[in-house]
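Naming follows writing order (A, B, C and D), and every chain is counted from residue 1.
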C-alpha cells in the first residue's frame, strides 16, 4: 500500500529503484525464476512486462532498499541464472542518468524541444554536448551551459568528421546519440559502435518517403496524412528498428510549407517520446522490430 | 520456440490455454508465488501483466496440457494461495465461451456489427438471445437463428419488463448483457445482479454529454470532436467504469445528422473492442476505473 | 433563413438541388462569373468551395426550383461560359443516383459494410451488380436482391474476364466500379475506360507497402501504426490518386492476424468515406492528387 | 498561373493581400455580389469559403495590387453593399500584424511554445507584453525583449488587478489576449470589452472537466483519452465558443503526473493552432459555436 501510494504520488525514490531488462530463448519457468530471485532479495516488483516472439523478452522494475549501493552484488548473484538461460541482460539503477549527445544541423525545433524537456525535468538525462555541422544553433544551446561543437561535414570529409565526433563522444562516455534533424549520414562503423544507441527522427511515416525531401514527396503523392518516425540508426538509411511514429491529417489545401510546419510538431513529440522510452530502458530490439514496454 | 511459433501463427489450442485473473491488497512476492505455482504444474506463461494501484491486479495467460480437463483440480490447489493473499480471483479455460444477451431498441448498427463479428469468428462467444423493446430489428437477427424476444417497455412497466428479462436471462445462464443502443434504463437491482457484467455503449465522449440526446448537445456546444464510450452499467446513469472510448474530428459544417452518421462508426467499433476485451477476461474494475490488460 | 433551416434539419429536396463541378486554367473573375450566372437563374448557393493550384477548381451546390426539369436548358446556357474559360465541367442533379458495380474476391467485410450503408440510406446510390472471381460471397448479396456474377479469373484469363466484365458493366450504364478487396489487377485499357471511376481500397497506408501482403510486411517492418488507403485505380498498381487514408496505432504485441483484424475496421471506414465523397461529386483529380471538397 | 505559383511557393506578398470576413442574414446573391465587387476592383480571389446556418458567413482572401494603400477607399466602396445586406464585416490587410498580450501564471510550457513560434516566424503577430500574477516566468521572456508585467492577484484584488491590466492593454492597443495557462478568472466587464478577443487554453476536453483540476478529475473518472480545448472567454467559466480541441489516448497505467505531462503537449499544440487561426481571421463566432475557415 505504502509503495502504491508512493508510486501514485510520484514519490518513489530513484535510488531504491532498479530495472532488469533481458531477452533469451523461450523456455518455461523464466518468470518464476526471475521473480523468485528478486523476492529473495526483498526487491518488490513495481512493474513486470514480458513479450514472447521467437525469443523471450522481460522487463522488471523493482523497489529495493539501497539498491544503488548493492547493485554490483546483486548483479553477480544474478549472473549464473542469466547464463543458464542464455540471457542478454542488464540490471541498472533508475537513478543512473543516461549521457546524451545531440547532433543537429540547421533546424532547431527538435533540439529546442529536447532542451526544454530536460530543463524542466520532464526527461531525466544528462545532455553532455551538442554537435553540429553548422554554427547556426549555437545561440540556442549556450544559455543551457552545454558545450556546442561545430564540426563541418562535406561528402569528402564525412569519415574525418566522424573521427572527430568519436574523439568528443568517447571521453565523455556518451551512452546515446540523438540525431535531432541532423541530416547527415553516419558511417557504418559508427552505427555499429553505437548499435541501438543512435536515435534518428525521420520526417515521414516510414517506410514511406525514406531518404531526402519527404515532405515534398508527400505533397507530390497527395497523401492525406503526414507523419514522423523515430528509429534506431543502422547501416541502411532509414531502415532501422522503429521506436515510435505518429501522424496528422492534412488535405489538398496544405502547401509543402504547411506540411513542414505541421511536421515540426509531430517530429518533436515523436522524438521526445522515443528518447524518454529509450533512457528509461523501455525499448528492446527484436530483429528489425522494437518492443516498447510501458514505463512508470 | 514451439509455443512462440504456435502463438505467432495463431495456432495455440484454446483447450490447453488458461487465464488467471486476480486482485488483492499489495504485498511483496505475489508474482513470484503465482508464477512458481504455475511452473510447478507445467503451465507455461504466454503472457503476464500486472498493475499496482491501491490494490494489486494480475492477469496471466498460460499454456497447460489438457488444462480444461484438469481445471477443477488446479483451482483447488490454487485456493489456499488465493486465500492467504486475500485474492479476488478466477481461473478459466480460454475455450469456454461467454454467453451473451444483446439488448437493442430501434437502431441496428451496433447489433448488426456484433452479429457480423461473431459470425466471422472475430469475436468468440455465444449470443444466446437478443432482447428488444421493439420488434423492428427482428428481421436482422432471424437469419442467424438467434432467438429475438420482444418485450415492450414503458415508464410504468419498467420493473415488470425487467422481471420478464430475468426469466429469459437466468435459465440461459447469461454471463454478460450488452446494451447495443438499448436506450432504456436498467433497474438498480438488475445492475447489482449483473455487476460489471452489463456493457453499455454511450454515444458521447463521457463524462461529456451524459444522458439523452448527446449528438444534439455536442452540436449545440460546438465541440470539435465527437466520441463514444463503452462502460459498465452501474446504478448511476452513464457513470460506470469506462472500458473504451474513441473520437473523430468534426467541424462547423457537420449537422446533427452528420454527427449521428459519423458517431455510428465510432459506436460500433468502440463497443466491439470493449466486448472483445471483456469476453477475453482482459478488463478488471478498480473502483470506478477499469484496468484493460492486453490480450493475445 | 428558410433554406438554412431546411438544410439544418436535412430536409432539402434533392430534386431542387444541383451541383456544378469544374476545373480550368487560373484566371481572374471565374467565381464572380459563375455565381452571377447562378444568381440570374434564381439558384441559391448552398455551398461553394474552390481550390487554386496550377489550375483552378470549383464546386458549387445550389438550390433551384425544379432544377431536375430545367437541367438541360441551364447546361446549354452555361456552355458558352465554360468554353470561354476552357473549363472541364459537369452540372448534375443531386437527385441523380450513381450506378455502382462492386468487385470482390473472398473477403466480405468491405462488401457487407457497403451493402449495409446503402440499405440504411447512409449512402445514396444504386448498386447494380456485384462481380467476383469467387462464388463465396454470393450468400451475402442474395438477400439484397442484387445480381451476383461469378467470373473466375486466372493469370491467363485476365483479359477474357475483363471482356466479360465489360459485357456486364456497359449495358447497365455503370458509373463507378468499387474494388472492395478484389485483389485482382485491372487491365490498363479498362482503367482508361473508367478513368477516375474505379475506386480501390488498399490495405496499407500508401505509399508504404504497395503491392501484395501489406499486413505481413507491416509486421516485418515493425511499424507502430497500420492504415488503409482508398484511391482511384490507374495503370500503375497502387499508384493512383489517393482519396482517403486512415490509420490505427498498433504495437509489438500485435500478430499479423491482429493487424488483419484491426485493418478490416480501417478498410471499411476509409472505403465508405471515399465512396460517399465520390458519389456526391466532392472529389476532383489534380494530376496525381485529389481535391476533396466538403459535402453537405 | 503566376498567382498560383506564387502561392504554391509561399511567395505571395502580404501587402497585396486582403481578407474580407462577413456575416449577415441569409439572402440569395451575396456571393455573386461580393465576388463581382472584388472583380471590378481587380482583386483576384485566392480563397473563398462560406458557411450557412441561421446566418450566412463568408471569408474571402484576395490579391490586389497595392491593397494596403487603397484599403480605406475600398472599404468605403464596400460599405453600401454591407449595409444593404445588414452585414457585420471587416476588411483587413494580410500585412497587418495582430497585437497580442499573453497572460500566464506559473506554468511556462504554453508561453515558451508561443514565443518560439513567433520568433521563428511560424506565427506572425506582435507580442506586445506578457502579464503574470507571478514573477516566475520573467527569465523565460526577457531574452525576447518583451515587457513582462508582474501584477499579483488575490481573490480580493481581482478587480483592481484587472484595472491595472487595462492600463497596460489599452495604450498598447492590444487586439487579442491569450490566456496561456493563466488560471485566474477574468471579470465579466473585461470579457465583454474584449468580446471574442480573449483565447483561453483549458486543460481538458470540454465540456468534460470544466473548472479546476481537470487532470485529477480525468484520472478519477478513468477516461481513456485526455484532451485540451482552446476557446473564447465569455462570462461563464469554460463555456465560451470552442476554437480547437485535441486528445491523446491514455490508459490505467498513467498517473495524474503522466496525464499532466502528456497534457502539456496537447495544450501547447491546441493553443498554437487556435492562435494561428484567430490572427489570420479564420475564426468566426456563430452563437456559442465557432466557424473555422481554412487558412492559406
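The working rule: a contact is a pair of C-beta atoms (placed from the backbone, for glycine too) under 8 Å apart; a residue touches a chain by one contact, two chains touch by 3 or more.
If you're wondering where the values come from, they're calculated on a predicted model, not measured in any experiment.
Undergrad: Suppose a student superposes the Cα atoms of chain C on chain D; what rotation angle should they report, nearest 5 degrees?
TA: 180
Undergrad: Where among C-D, B-C or B-D does the A-D interface show up again, with more than half of the contact pairs the same?
TA: Within C-D, B-C or B-D, the interface duplicating A-D belongs to B-C.
Undergrad: Looking only at C-beta pairs in contact, point me to the busier pair out of A-B and B-C.
TA: It is A-B, judged by the count of C-beta pairs in contact.
Undergrad: Just curious, how far off is chain C from chain B if you go by their C-alpha centres, in Å?
TA: Distance between chain centres, rounded to whole Å: 36 Å.
Undergrad: Can you work out the whole-Å distance between the CA centroids of chain A and chain C?
TA: Roughly 42 Å, centre to centre.
Undergrad: Could you list which residues of chain D touch at least two other chains?
TA: Each of 7-8, 53, 253 in chain D touches at least two other chains.
Undergrad: Using the touch definition from the top, list the residues of chain A that touch chain B in their complex.
TA: Touching chain B from chain A are residues 1, 3-5, 7-8, 25-26, 28-29, 31-32, 35-36, 38-39, 42, 44-50, 52-56, 249.
Undergrad: Under the touch definition given earlier, write down the residues of chain D that touch chain B in their complex.
TA: Chain D reaches chain B through residues 51, 53, 205-209, 220-225, 227, 241-247, 251-253, 286, 288-292.
Undergrad: Name, in rising order, each residue of chain B that touches chain C in their complex.
TA: 7-8, 10, 108-109, 112, 116, 120, 122, 143, 253, 255, 257, 261, 264-265, 269, 272, 294, 296
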